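Below: a set of structures, written as structure tokens.
Two complexes, one shared chain (chain A), two partners (chain B, chain C).
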Partner chain A sequence: MKPRRIIEVGLPRLLAWCLLGFLFVPILVVIPVALTDRDYLSLPRDGISMQHFAALADWSKGWLPSMLTSAGIALACAAIATALGVAFAVGAWAAGGWWPSLMRILLLSPMIVPPIIYAVGMVKLWARLSLLDSYTGVVLVHVVLALPLTVLAIGASLSNLDQRLVQAARSLGARPMTVFGKVILPNIVPGVAAGALLAFVASWDEITVTLFITGRAVVTLPRRIWTSIQDAVDPALAAIATVLLVITVLALIARALIEHRQQQRKF
Partner chain B sequence: MALLVIDDLAKTYDKVTALTGINLSVEAGEFVTLLGPSGSGKTTLLMSLAGFTTPSNGTISLDGKDITHVDPEDRNFGFVFQGYALFPHLTVANNIAFSLRVRKWEKARIAARVTEMLSLVGLDNLAERKPRELSGGQQQRVAIARALAFGPRILLLDEPLSALDRMLRETMQKELKRLHRETGVTFVYVTHDQEEAIAMSDRIAVFNHGRIVEIGPPRDLYKKPSTRFVAGFLGENNFLSGHRADDDQTKVEAFGTRFGFPLAKDGERPGDSLTVWVRPEDIRIGQATGDEIGFRATVVENSFVGALERILLKATTGEQMVATLRSEAAVAAVPGQIIDCRIDPSAIGVLPNEVQRS
Partner chain C sequence: MRNFKTTALLLTVPASLVAIGLYAAPILQVLALSLTEPKFGFANYQSLFANAAVGRVVMTTLKVSVTTTVLTVLASYIVAFAIIHMSAGWRRISLFLVLVPFWISVLVRAFSWITILRRRGVLNSALMETGVISTPLDLVYNLLGVTIGMVHYMMPFAILLLYANLSDIDRRIMQAARSLGARPATIFWRVWLPLSLPGIALATLFVFVFSLGFLVTPALLGAGKTLMIAEYISVQISSTSRWDLATSLSTMLLLVVGIIVFAAMRSPALRAAFVARPQQ
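Entry: the complex of A and B
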């Protein structure tokens, strides 16, 4: 019996741990590297140092400005993509029929077309419209890339919503805008929030198309990281990775807490 | 003048006709049921009344004013949906208050009306619950309270009881009748359940193939249907083939008997074939007396269904029919036995054979 138990329970468990290790160890390794006391990418030797974190805060090094640039672009992108996503998803949900399905396929095409091909096209177009290396240009491109994500997220929460709620609200005297604001929107908040978050993240770490359409004026964080890798591998890179990791973990914990509280309120 | 007048209404989807030639007047305070099998057009008519479906032809008027193309939100009709369609994010009280907030009522007036509606449907202590925390019957009551809160001209109900179990359905039927009486609101009720229609309505409009086949009080439709469809759809019925007697135009011959019956339609000729119907509860056991119609039949089967016995008979001329009898009257009905049966001629109906429509 014993050897069989090892194969049936022990082996899958070992594999699971290996997989988790494979996923997380490379991520976690950035933390000691960020604390290195040397000025190249390495593990700390004579003790830990915060110098690379200090460098991040140094405005002239360019990390902080690029973080702000990225945050601004990602916020604008999330706001626009969410608004457009809600408008499309709700419209398609309410209208039904064949044309919303067709439109959905068109909207999802940025997910299907490789970004590099999209980038080449955008360079040509933006050059003609003089939007190259401009905030507007980057935001617009990111909106197009994020739109499929918001439409999918919002569409998913709409698919659980009873279509007759619209008829119910109208029979009770509500005009279309009231129906949207008082009935539809409150019921799809989780989907809208998820869509906004996905759009923010998509813009925050977009690099392929951004590389093509930006130069010196607009430097997003991914672009700054890209440039820094090209000339010298700066441990500040590990420091910034650590900062992002901490933010992500905090966000996940916050989400879990909120969900837990909502679950408790339900019962 | 009637409150609601539907004139020659029709609805065609692409090439499919959902409704044709619908004419119906509803008086203020009436309880009218649109009854029919699924796909017969009754729901399409209700949706047209609510304004969710635009008719292809004809008009709907309220108080003599044409409302055919008025938006649903401007009609002031309450609507109770199949499956309720309560707002899941709002409490019971806020669901009921929705129409009042839209109409910009004052806070105190809204609170008073919500309390009034909650006690009308008997949900006083559930005001702060969310719809998902309620049972089906309770959700149903909320849906009705919500639709009645703003004082609608007409309450439209789309199979509101179909999701409930049998016991609850009967309770809710009584509840709806009480609400209809107490509020005085006009009800237009859609159902495919003929028992429900008979139990609740002032008048029933029977639908089939997108048309109204017959309109009338439940008793009239049950006792004197003028079409084979209504005779078969409302309650259980036995259909037997018969014909006008060759030698005496006042008589009809069927299942080996002969009885007087006025012409079923003008221009009927001797020997014309007819459909004769008799309700299972009108077939009795025993020797015919007076002008009763008597016949002999073999008992094929006898099943106990609670208050009544259900007996399958085969007349000596071959026709099968079902009789329902009280248990003590059915003692003689032993399977295999040949027994005497009798029918009061006034309980029998004769219909001209309809030209089959596909």
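Entry: the complex of A and C
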């Protein structure tokens, strides 16, 4: 290679790989820390130990109840957000006009508006309705925060749908609910599934608003992790981080495999 | 005919009610409280501008947000540009390296950085054992740690935005430039960069707005020593119960974010980038 080519092509490429390393490698540090044989946050000294993973499964340590709490809230949130999101996206797509456009902006705004502002508002509102530190309160807030994702995912699916399909069904005399249920819905199943998954993940990960509207009664997993990070001692924290990392990696690999298979089927 | 449209509009009602009642209303109440708590008027705003602590917090927030945005967009552009030039196999690996941090919990990422950067952390231990330094460096619970954590959090977003934008650019333009005798550097500065400006602008906008109101990473990696607006607001509502301060500062933050987004939407390229992605 000529020196000029090394500077113009090789150097940026090397830099790009270093930056990719900066993104990925630091996350891996939680794995050795989770395997430490000490009872404080440290790298393993005299061999590795699985005791901190065992602590996760110990009900009295609080990690397992928090995981179940988060899973339950995320399931409820995904179900409600998906139902609301499907109805809204389909209705807006079929009706058009200023009202759905305006409501769409409002529904999507939690993606831009800093969540801390929403947290301030919700603390006030839930205090008045005595929904602070309740499952209902957390689920409703998570639904609001998950709706932008379901609306976008289902909207993307709908934008590939041919409007003439609806016209054909209607001209053949299908009633409105039949059109929605039997013509539109079956065609957007992938978008609905993606929306439900995104809503689940959004709820499972939510921390900023949850932090202010929960207390002792509802301890979600992110909240438990938050408290534990501030103490910065318990290696079980690294163990739970490792578990979350493994789940993320497996989910991404599964998605890649599914996409790969779908592409192969096309040819 | 009428019946169909009415049914469609009815379907939008439940989500709209949730958005109005559980999103718009509580936020409007924050705005209202900033003018009425404890009594009606702009007194809260006057004391906000006279408050030296708030001034320091705002300066820290701006400093961190600007640094984060510049570093993130620059680094993300380098990565996204390299990814679109890779073979399919390497591209898949690179995108995997971006998607893992993109999807993993922000708390896990903050925790990883604390483990690496703290005084008895992985990096300091390694540097001390190899004899590079004799006393541990202060890498976290300060401006440096917050900035590292923020750049690490924002980069996957920015890379994916820029990657989508760069993939949409028609490569035949570069072929044309090359066949006309342009050197690679010229092609980059005169063709790639101008065509990717909308993507860069969108990434800059998103990263800056997210940084301004970000709570988790600054709070965990700053640990109260590097206070940014979101954490300052959180202290006002959870420990000192200063609702006047919390609501007026929230309103200011919302106003600034609103102005930035509104100004950005006036640019046709940005509006197109925003609207084209979701449904029409």
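Some observations on this one:
As a convention for this text, the second predicted complex is superposed on the first by the 263 of 267 C-alpha atoms of A that agree within 3 Å, B and C clash if a C-alpha of one lies under 4 Å from a C-alpha of the other, contacts with A are read in each partner's own complex, and residues count from 1 in each chain.
Note that in this section contacts are C-beta pairs under 8 Å (C-beta built on N, C-alpha and C of every residue); 3 or more make two chains touch, one makes a residue touch a chain.
Note that this is a predicted model, so its numbers are computed, not measured.
Once the two complexes are overlaid through chain A, chain B and chain C fit side by side, free of any clash as defined at the top of the document. In the superposition on chain A, A:233 contacts neither chain B nor chain C.
Contact with chain B, but none with chain C, is seen for A:178 once the two complexes are overlaid on the shared chain. By the document's definition of touching, of the two partners only chain C reaches A:144; chain B does not.
Applying the stated contact rule after C-alpha superposition, one finds that A:11 touches neither chain B nor chain C. Within the superposed three-chain model, A:68 lies out of touch with both chain B and chain C [touch as defined at top].
After superposition on the shared chain, chain A has more residues touched by C, the comparison being chain B against chain C. When the shared chain is aligned, chain B comes close enough to touch A:168, but chain C does not.
Of the two partner chains placed by the overlay, neither chain B nor chain C lies in contact with A:48. Looking at the shared chain after the overlay, A:26 reaches chain C, while chain B stays out of its contact range. Contact with chain B, but none with chain C, is seen for A:187 once the two complexes are overlaid on the shared chain.
Between the C-alpha centres of chain B and chain C, as viewed from that of chain A, the superposed structures give an angle of 90°, to the nearest 10.
Minimum Cα separation between chain B and chain C in the superposed model: 5 Å.
The contact surfaces that chain B and chain C form on chain A in the two complexes overlap at residues 170. On the side of chain B, the complex with chain A involves touching residues 50-52, 71-79, 81, 83, 85-89, 98-99, 102-103, 146-147, 150, 156. Of all residues in chain A, those touching chain C in their complex are 5, 8-9, 12-13, 15-17, 19-24, 26-27, 29-30, 33, 41-43, 84-85, 87-95, 97, 99-100, 103, 106-107, 109-110, 112-125, 140-141, 143-144, 147, 151-152, 155-156, 158-159, 170, 176-177, 179-180, 201, 205, 207-208, 211-212, 222, 225-226, 229-230, 232, 237-238, 241, 244-245, 248-249, 251-252, 256.
Those residues of chain C lying in contact with chain A across their complex are 3-5, 7-12, 14-16, 18-20, 22-27, 29-30, 33, 75, 78-79, 81-83, 85, 92, 94, 96-101, 103-116, 118, 120, 122, 125, 152, 155-156, 184-185, 209, 212-216, 220, 223, 229-230, 233-234, 237-238, 243, 246-247, 250, 253-254, 257, 261, 278-280. On chain A, the positions that touch chain B within their shared complex are 162, 164-165, 167-175, 178, 182-183, 186-187.
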